[in-house]
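Each of the two complexes below includes subunit A, the first together with subunit B, the second together with subunit C.
Take a look at the complex of A and B:
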């Protein structure tokens, strides 16, 4: 990497513009005297990170895009957008898209609403802190461990059916993970069980940053509890809300562990989301072209979703 | 107590209890001795078979090597990512580097992409080299994946530091290397710890690379072993699987309770 850095540095003898341009830079740390050495040094500091990222992340990314334009027959011919049209023709992939949409709605709405509610309902009392701990605790578990716990809840002789039977609601018992769309919905609930903790923590941080004077002023003007929440608290939580929504959105789109350990995308391929479909197509169905196309589509969706909160982050940090 | 307050506390109590049910069942049923598990979930603890269940899970899923592996993977890649990202952040913010925005995007872009995009090319190139099914191979992948976000955090933190300290040291003739280790690292310690905690948890909890890049039971990380154990659910019985899940979650739970401050700050750094 250091060589490419020095390449771009025009030799001072040839380019008269180099010197004035250099003085405009915001890092004058002794750079003018030992310009080249300094740059080499900086290149050396960046090289390990840049090399690893380029080699393990960016190059595979480019390769996946490239691969998505080639078919899956024995000779892997160039096939234009055939792999992308599979989304319309292959029922498993259409189902996967439907599930992904369900996941997006569920993983954004549930942690957001529940997290906000729990953060607002609690105060500094001991009871509140204990209640909060119950909600935050599952966040310390991995997706795979959450899947193990919820499998125990949802299997045919699991806890949920047991409770229903004991409550005299035996007619409601069912194989929760066996029929669509119920299986996708209960997995979204399982995901919310884990993910709400983060939302609670973030909303608490947001609530603490609200100046109490604004609430006092509202109370003086006669705002009731709900009005205070709606017109004073909520607007000031906007920055945190964007982070919570963006985070849950991206995490929901990327979630793999929970679905994989609970159902492996089955029964059939009914509970796959794009993240799982990509794995199934590539490594189980052995259709790497289709898998690559799914990965690219997923990337586009994730990038679009990231834009939501990235825009704000980068504005503030000013790259 | 006003009506509003009662309502509020009731809602809260109901929500908290709902949340507690799966956690409670996890602990209670992991305690039930596997042999006396009756086929339906227990709601109250009886007898204490936790350690027996854990040791069964340990044997059935080869958890010993898996735990050791994951500890190595998580510690080494989290440290490596923090240090290497720290280098890069230091260079792009403090040192005279041209086109800082370009370098920022080259490194940062990696964290925006879903991991599925990297999976097959890495799998293929690992299969062609001798990196497939090796510990060093997994460490390399985990480090590379951790770097972009670690870099983002370290860079944002570095931007908030006063430049005068580094400038003074440079004028006194300290080399960049020395400035980095003796001045910059102590200043960015808290960000580095937050990055470490965050990445440790991410690597420890990873499943996808663990089941893709590895086949042997001696190399695979702990979540791959847990998924394997879950696959034998009907053979080994729920108490053993749950005890296994509890066992592999202990490190992150411990970290969560002991370093809650850093957990929270590692969340806040998303901003």
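Take a look at the complex of A and C:
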């Protein structure tokens, strides 16, 4: 950063030529006045961002950790790990963890597989632009808007059941949002409908960056279409895959808006994920201590999952 | 900008500095504006601000405010936040600051008790006494507006839980509003035979799950309902089991709409004739009017009959509350307005707007259906019961409402549901009492 900054100085700004300045810049920073100035400058540029992150992210998080050790009665007494033991004793939170896991698996697997398939199929086909537009369009919608559309589809007297009835498949009609785990699974599908768009865009970018020579070489060596895909295309899509999976992983763990608008975590708290449980405990059940404990656990899981995944993947050479 | 490359290079740093300076100034201005005091709740001459979570009532507040101004010199200025959850957070937080509005809309019962015990509300005992002396409030409802004997709220409205029905559909099928449990079952059977779902039941939005529970328990035994919500009876006791079995039986017979049926579609469903009866608060009358239904000709309403003829008659009542924050910006004006809120001239306008009953028992509703219900309640000396939502500690009610939603979706049996509700009642009542000690 310092290099690029100083490179932009006009050559005559310090009264010398470019060559001595370059030499001066390459001296160790510590000890020299110039180095100190650069460091102060860098600090000055970083300070607003650091301050904002500290003020609006780190400070509330520290306070949330602190709050999670206090009870939810009127006097909020110190309660050690009581709020955390709810994960073992409260069936709603156990269900919430199950749902969160389902969401993580669903939101990672579905957009990845569908996104890759759609990107490969539309990369060079005749109607690729139209097909891509159809898939990518839902990504431009907000989660709440998507939920409103799917609510129209999935309620017991909604579009899906009406279509099934009209097709003579009345026996298949059901309350899609009413019974677990079906309600969680259909919401994951609704989420995949929206989230696949961004995966398609990323995979298309990845596909277009693959040198055609590699595919030609494979074809000359007699590789079939599947073999080319498996051994030439897929390995070269690895960087994009890492991004798609990483994003989906975090999105799955913090899924909220779609669930809140479709079911509010119900019926009977059956469709809550940890993010919804956190909101529910804090604002509806009026237990901010329990809500804080869920928030802490959720944050730890998101950070740990992201760190483990990215550390493993980003070590790969060339990424 | 210039044909000369030299000029461009020389100007660039200056432009950048100017841009950065401008951006910094803009950021500083935004920060300053963000830190500045808002004016929404500040005192404004001749008005009192009122925090409200139902934006569709704003016109009603303004109309009632014009009547109030004739008496007190202060009109009403509604400040609406349509998200109930965020509204509650905002009110609870601003009560502790100097930024609270002059009047706050809240729920009665334990919802008000919870707000009052955090402090920040004005004692309205004097105002209540003035109303009680004139007969403008029901004396027996005082507890629902009090915390530890002190009154903190004045009734904002009073609604009853009733079954709306479609007059044309009933007439076509040769039915009339049922006066007994047997007649109710007969209506349901006839409607079902004619491919009309007899009852609307919903858990969309959470709280509607309490509606059938409170009705069936109170119509099984109203005194048991009173003991149950006071924490003096068990959810696993016989009357609660009987009520849940009735509900379960209705569901099994296909007499109830699916639990994901949105109540907002209720008036439309009555109009179309796809649903026969719609259990809801009488404040739904405004929704009926919005759907183009005329009271008396298009819809009627009755109170659910008791399960046994000998059971005491009762009605579930819901009261909203006006409270005055201690730090209200225009406290004097707020007290003046709240002392005249139940004046019949103000209530006439307010009741007409809501098409509902007034909290002042001397004011008859102009809606003939609601007026008939008021007469029914007075004639039969129906025992008024606090709605379940306000009748117990909020954490208990919220948890039990979730359980009832699960029951409606078929996740739990009546017995399991009641056992869970009782377990929670045990814990939450203990917690509430500990806090009160």
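We take it that the second predicted complex is superposed on the first by the 256 of 319 C-alpha atoms of A that agree within 3 Å, B and C clash if a C-alpha of one lies under 4 Å from a C-alpha of the other, contacts with A are read in each partner's own complex, and residues count from 1 in each chain.
Definition applied: a contact is a pair of C-beta atoms (placed from the backbone, for glycine too) under 8 Å apart; a residue touches a chain by one contact, two chains touch by 3 or more.
All values derive from a computational prediction rather than experimental measurement.
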item	value
Partner chain(s) touched by A:113 [first = subunit B, second = subunit C, both, neither]	neither
Which of subunit B and subunit C A:74 touches, first, second, both or neither	second
Partner touching more residues of subunit A, whether subunit B or subunit C	B
Partner chain in contact with A:205 - subunit B first, subunit C second, else both or neither	first
Touching partner for A:180 - first (subunit B), second (subunit C), both, neither	second
Which of subunit B and subunit C A:266 touches, first, second, both or neither	second
First (subunit B), second (subunit C), both or neither touched by A:153	first
A:287 touches, of subunit B and subunit C: first, second, both or neither?	second
Touching partner for A:105 - first (subunit B), second (subunit C), both, neither	neither
Which of subunit B and subunit C A:299 touches, first, second, both or neither	first
Set of subunit A residues, in rising order, touched by both subunit B and subunit C	155, 157, 283
Residue ranges of subunit B touching subunit A (in the complex, touch as defined)	4, 8-9, 11-13, 15-17, 19-23, 25-26, 29, 39-41, 84-85, 87-88, 90-92, 94-101, 103-107, 109-110, 112-123, 140-141, 143-145, 147-148, 151, 156, 159, 166-167, 170-171, 176, 180, 204-205, 207-208, 211-212, 223, 226-227, 230, 233, 238, 241-242, 244-246, 248-249, 252-253, 255-257, 264, 267-268, 270-271
Residues of subunit A touching subunit B in the complex	5, 8-9, 25, 27-31, 35, 38-39, 41-43, 45-46, 48-50, 52-61, 63-64, 67, 114, 117-118, 121-122, 127-128, 130-132, 134-135, 137-145, 147-153, 155, 157-159, 162, 193, 196, 198, 201-202, 205, 225, 239, 243, 247, 253-254, 256-257, 260-261, 275, 278-279, 282-283, 288, 291-292, 294-296, 298-299, 302-303, 306, 310, 313, 316-317, 319
Contact footprint of subunit C on subunit A as seen in their complex	10, 73-75, 92, 155-157, 175, 177-180, 264, 266-270, 283-287
Interfacial residue positions of subunit C with respect to subunit A in the complex	9, 13, 85, 88-89, 114, 117, 203, 205-206, 209, 258-262, 394-395, 398-399, 402-403, 405-412, 431, 434-435
